[in-house]
Structure formats: C-alpha cells, structure tokens
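Labels A, B, C and D are assigned to the chains in the order they are written; within every chain, residues are numbered from 1.
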C-alpha cells in the first residue's frame, strides 16, 4: 500500500487505510435539492459532498451551472450537514472566491493540462482533487500533479474518471489498470469516478466496486433524488435506493481490501 | 445475472453462478514443465488448463510454440490431471487436428475478425473461448460470436483481454466496463484475462479480482513455475506463490458476487 | 525515394517512379456490372481492377459476395479488358483457387495479423497487397509483410486504409503520416485507399490527392456505376464522373511528385 | 470552397482563396534569434510570424518560455519586419497584456476545452487561432469555436495539429480527413500545423503539402536557424534550407488548388 501525508477535507482526515466516499449531484440546482441529496448521502455513509457550481460544458447552449448563486446554497448546506464540500474550478481567477466555500478544489478532466490553474492551486492550503484528462497519459497526469506540488501544496488526490478510446458503447473506458499502476509506482491517493467512467447508472455500482478492488482509495459518485429530472448528466446519477445498494456492498467489500470508511 | 446454456469443458460444467478458473503457461514448453504447472494450478483450484501450442507472434523471429509436438504433451497431461484443456487455434485447417486434444478452442485477439476460422468453429461440438479483438468494438465482438453460433455451435464464452489505446504504461487497457455492459445487455458468459490486459504480473491479482467484481464469470490466468525463464510473456505470468495468493483472495470474494468455483 | 524490385500485376510493371492506379467496385455484383466499371475505369487511366468476391463482413447478415460465382465473371472481364485483377482473400485454403484468377492477392485490414494466411501467401509467385490493420502499429505492419517475405515472396505492396481512433465523424482516420514515415524508413511500395479511409465519396478525391503528395505510390479506389445501388459500401464509391475528376487532377499532380501513371 | 468573413492579421487579409503561411520558432529565445528567423521566413514568403512567449509544457522542469521578457522582443521584431505576430495564450488573465503585442491569439491544443479562456477571447477584436485538442472530436472543436463567436468575435481560424492515437512512430496522427470534412461541412478557415502533427522535420514538408491538397487554407510551420540547438522541439523545426524547399513546392502546388499566397 502506498503512503501519503494525511489530507483534511472538512472534518474528515483522509489517510492510507481510510476510504473516502464523496457523493452528490452533478450540479447544484437549488437549496432544497442540494440539502436533500446531502442529507441522504450523509446518512448512507458519504463523508463529503460534491456539487457543480460552474459547469464546464462542451456545448455553450447547455446548462452552465448556477454560478455565484450556488455559493450561498453550498455554504448553507455545509453548515446544516457539517460535510466537507468539493466543487470544480475552471478559472484561475476564481481560486480566491472558491476558497470561502470549498474544502477541496476539483480540477476537471478538461483542465488537467491547464497549467495556469494548476499553478494557482499550488499556492493554496486546501486539497486538490485532480481528475485525469480523458486523453492524459498516466505520466502526464503525475506531472500535472507535480505542477500543484511545486507551488507548495502537497494535498493532491488523483481521480480516474475514464479515458477516451474507440469504444463508444460506454461513455468512457474506465482505466482501472491506471489505479493499480499508480498504487504500485507512486505515493498519491487515487479515487475513482464511476459515474463519468461509465455514463450509465446501471453500470455505476459494479464498476465502483471493481475500482475499489483495483486499489482505489475512494469514490466520487453522482447521486440525485430524481435522476430523470436532473439538469445535467442524469443518465449516470444514482437515485437514493441505488446509492444505498452501493454503500451496502461497499461496506461488505472494504474489509477484504483492508480499508475502512472514514 | 444473465443466462446461458451450460457449457462443458472436460468434466467441468460451466453455468450461471459457477465461476470458471483457467490457468496455465503461455506456451507448452515441454512435458515436465506443463505437468508441473498443471498439477499446481489444479491443487490451488483451477478447473481447466491453458497452454499455447501454436503461438501467434507478431514477430516472425519469436518463439512460435512447439506445434504438433505439443499435442502429445497436452494429451498426457490431460490424462494425468484429468483437467480440461484450452488452447488457441489460428488456422481453420487445424480444427480437426485440435479436436482430439482440446476441450475448448481459444480464438485469440488477432483472430476475432477471422471469419473463416469462426465459421469452421461453428460446426464443431466443443466450446469456443472468443477473445475480444484488441481494437474490437463490443458490438463487433458480439457479431463475431454470432458467426460461431450461426453454424450451430451455441457454446461461446467471451473473454475480455484488454484493448489498445493511447496509454502505454500498461500493455493494454483493461476494459472492465465491457464486462459489466455485456452482463447487462447479452446472455453470454464472459471471462477475463488479466495477464494480457495488464502485461505485468504485479498488477494481475488486483485486476483479476476487479474483473470478478465487475461481473466476470471466470478468469484465464498465465502461471509458470519460473516466469523469468518462460519462453514467452514471462513478465505477465504469476509464479505459484502469486497464484496461491490470487486464489485465496478469489475464494474470499466470490460469495460477495454470489458465485462459486467449479 | 525508396526502392523496390519491380512488381508485375498482369501486364503492368510497378516500379519506383511509376504510379499504380487500381479501381473498381467494392463487390463484383454481376458480369455486366463488373465489365462496365472495368471498361470505364480503364478508359480513365486505371491500370488494374479491384472487385470483392468473398466479402469479409462484420455482420453475418450482410452481403457476403458472390463467392465462387465471381471467379468466372472476373476471368471474363480480365480477358475482355486485359487488365490485371486484385481481390481480397480471407482464407488460407483458398490460395490455390484464387491463383487462377487474381494477378495480385489482397489481404484486408482485419487479416493483417492472420499469420496462417500470410505464410501461405509467402509461397506463391504473385504479388500481395497488404492492407494495414485498422489498429496495426506501423512496426506490426512491417512485421506482417516480413511473414510474407520470409516465405520467399518479395512482392509485397503496403496499403494504408485508415485507422480506428476516437474520431467518428469520418469512417476511419487516414494516417498519411504513416505513408511519409514508411517512405523514409523502409523500401516497400505504399499505396493508399481513400475510400475506406474516409467512408464518404465527397472526401475521397481531396484525400486521394493528399495521399499522393504525402508519398503514396498508388491508389486503390472504389468506383461504381450507381453508388446508391451498390450491394456494399456505396456511400464511399465514386461514380464515373467523380472518378474522371479524380484522374484529371491526379494527372496534373503527378509531375510535381516526379511520378507517372503506369 | 467554404466562405468566411475576411480576417486581418497585421497587414495581411486572410480570405477565401488566399493562403496563409505562418512560420517561426517554437519559442522566442532572444532578440537576434527571433529577428533572424523572422527576416528569413519573410523573405521566403511567410506572411506572419509565430513564436512562443509562455510555453505550456507538460513537464514543470522544461523550458517555460521567456515570459514577459519576450514581449519587447516581439514588438521590436514586428516593427523591423512589419509582419503580423501570433503567439499562444494559456491564461485568461493575460488577454489584455497580449493585446498590445499579438495580431492573432493562439489557443493551444491543451486549451481547446479551456472555456474560461475562450470566453475571454470572445470579447476581443483580434483573431483567434484555435488548435484542435489532441483528443478533441471535430464536433467539440466546432463547439469550442462557438464559445469564441458567442462572445462577439467572429475571427476564428481552426488549426489541425494532429491527434493522439495508438500509433507512436510519429508524434501525433495528422488527421487530414478532418480538414476535408470541415471544408465540406462548415464555414471556417482551417490551417494545418505539420510540425506538431509529425514531430519530425523530415516529414514536415510532404505532410505540409498533403494538408494543402486536403484543403488547408494555410500552414503554421516551426522554423529555426539551428534546430539542433533550439530550446524546445528542435527535432520538428525546419532549418532555412528546408523551409525554402517547402515554400518552393508550395508555390508550385497552390495553383492546382486555386489558391494564392497572401
């Protein structure tokens, strides 16, 4: 098992042997929506909450997130639940604004090579969840993490979320080899995002568990109260019942890989 | 869980809920070598034995297998161990010759599109293990299986062995999504080959177990008494001790996925 | 400019500085159809005729070619036009049967790794057009050519026909870099198939000419009298008027690359 | 031929039928170096000058460009040569600073999905050269261009520079199909960068010309007085003699595609 200096996300300490379960909707759509999801995933075992505020969408006509309106919602839900909050940042000019609300900055797949952003995040004292570029080589991903660490911020969590290949039956190809490879060769924590990696809620649970067995130190999972009505990516979000099934199986599985939740 | 008509490989019946463990060396290198591996993997739980006789090598200068000399070795080892035998066929003219020695024909990755071979195998009454082409779409793989079934042979086992992508840190990219996807959409048994999918014996065990959790109905694993001396692909073969570790963990894991060995 | 021993295809000698133009329908659909296409492409400058007899189709329900019925048609059209004939072989057992009718054996993309077939073609005294596997590395393609040459047959023509990538807007990604790379590093003639490489008749002409400038020594182009009615791949076949435009532009372009037709 | 509103880069007007030749070193290394290259490429027909100021390097230890020191150099060389200047921008906070020195902003391959940057460039009145992401689908590339145009800036030039595939013999796979496809379906000017697309100076000239025949409206070529001593990417830069050969052949070729330099 590889090693890393403990990382704090809100009240949670993430260190070797601990398993980090992050869940929440693709986007924050409103106060009640976010609070309901937050309360439910917390009850089922999630230790931190995810939710997009500024969505990075390929199509300029797609829903772009609530933007600054989401800041207050996120703060209120954090206060009510006591959970740490992770959200994606896409612009180096927003690092300061995000600082007041997030407990961990997420760098998305399309920004893995955004060195201006990575350098800025190297200067803060909060953790950075660095997703793999969908066409990033493992060695490029590690070098991207180095951009953050060079700035003085050692708290980098890697997140495998699927790569782009010739196969189109699933949204991406989930490269679990990459997780096992990194656990063998490097001292980074690595978590997995089965929601983007599969793009299909019915595949999320088996693939989430497969990632755990491959060596993942945590999961980042999209959960929504009504996936069919979600503003974005509803086809890959679990509903509460599906998330409960996932967490049940996860709890059975973790002892076999010598890890524990929280 | 998907369904399929029970498939016989030697004395073993492979049906939904059963887990098929196939192990053995990349190539049959000699009688004593093959018997030793066969006896050991059998003791540790393998139900069938693999071993290449005619090796399909990209480089014409590489070791091409013992060829017909391997037929007698395989027959003797089968008799002594009582295990079913699986070996790769690359030429439609050899279907008859193989019939006397194999209990299951293996079609390799580079022959997934070899329709002349697939049609010939559609006429026999022994099972066919059909590996995915390293660049085969899932739908092409299913169509290849249909070539066999059209001929009247319903006993097709699919085997995911990794696909070719831009990533070169591992030998292939193990597409476990494909296993979960096929289990959801089709009624074929699917097994996984973590040896080719990773190309690194240290990654074989975690990735083999990840494949099981993703839904694989079996494993095809390369095992050698001295991987460092193997005639081919030694870097990805498990030694006996590593295979024992794998089977130990596999036995712990199978109850969680409602399957049992044999 | 690289070098190779002159290759004979029917009455045509293909040697460095000569440009080889091969055209014809995807499939031989009947005597009159094939003769009409043959006469027309000959008039416009084609030196050899292509036409599928046994089609290698991914889907077992697709049109599989006229099979042996096409042998007589091909012989008659060869006799009437005097053109050399190239057709795809997919089964090592058919090498002898094909010998009477083809002037050049074509090995298709899905058979680049079919070593049983390649070895058999190494024994004949007619040229082999070896298409690149759609996921074949350049070095694997060269090794496949070596399988043929090891058998004693030096007459190998390579053919780039597009590779499989993440891009799906075009049928394949036409890897013209590969042509320039091979012309720099190896002594093989290389031709290009813009029909499969683009999958769109409107893109065939510019991409055919681009291949010539990249260094291609010839072209393999699909032409049909009524592409919209073709039994297979009609969307990528040129009609006679489009082929006339292509040959006009080709004749203007060849002097700039120091090559001449025929 | 597709259409677009004329685009001004310095004194040059780039409109349908004109061919845009941009050349220069990978990085600005110093005043004399940049002036010498600028003077030479101008003499040979280049209409605009490229040169990196802030280099986007995967490895944080690689040469990162002269940064702000390059601003003055670029201004001086522009004044002395009268050529337009194109340079890569990687950070939305630098749009204003660049405005004083560049005549066209270049968005590099790793920033095609950097929507914060694209939106900022949508507000300026200077053209944007938008390189294709090395794993960007054509449709994503067009949507990225739409991000710029939505902001009010219609002056977008697309640039194909090679995509990432399984083939590693060349640095990238030059997707010339994409150029022909865009010329058929969209009204954007498209230029080609054969330097990054091949990664080998010996392949640059044939592939540059192939791009022209495929439909490219211009070229972006790396040129250096001593490629073997270049601070970055010297293996793919042409020396002056090689660039002279390229421009000679280009001038012969352009009439065949109904275009003219300048």
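Here is the rule we go by: contacts are C-beta pairs under 8 Å (C-beta built on N, C-alpha and C of every residue); 3 or more make two chains touch, one makes a residue touch a chain.
Bear in mind the structure is a predicted one, so any value in this text is a computation, not a measurement.
Chemist: Strictly by the touch rule at the top, which chains does chain A share as contacts with chain C?
Modeler: For chain A paired with chain C, the chains in contact with each are B, D, in label order.
Chemist: Among the chains, which one keeps its Cα centre farthest from the Cα centre of chain D?
Modeler: When every chain centre is compared against chain D, the largest gap points to B.
Chemist: Once you count every C-beta pair in contact for both, which comes out on top, B-D or A-D?
Modeler: Answer by contact count: A-D.
Chemist: Compute the distance, rounded to whole Å, between the mean C-alpha positions of chain A and chain D.
Modeler: Taking the average C-alpha coordinate of chain A and of chain D, the gap between them is 35 Å.
Chemist: If you average the Cα atoms of chain B and of chain D to get two centres, how far apart are those centres in Å?
Modeler: Chain B and chain D have C-alpha centres separated by 49 Å.
Chemist: Mark out which residues of chain A touch at least two other chains, giving numbers and ranges.
Modeler: Counting only residues that touch two or more other chains, chain A contributes 135, 164-166, 168.
Chemist: Which stretch or stretches of chain B touch chain D in the complex?
Modeler: Residues 135, 164-166, 168 of chain B touch chain D in their complex.
Chemist: Where on chain B is chain C touching in the complex?
Modeler: Going through chain B, the ones touching chain C are 56-60, 90-93, 110-111, 113-116, 133-135, 140, 143-144, 146-147, 150, 164.
Chemist: Using the touch rule from the top, collect the residues of chain D that touch chain C in their complex.
Modeler: Contact set of chain D toward chain C: 135, 137-139, 162-163, 165-170, 172-178, 180-181, 183-184, 197-198, 200, 202-203, 206-207, 209-215, 249, 252-253, 256.
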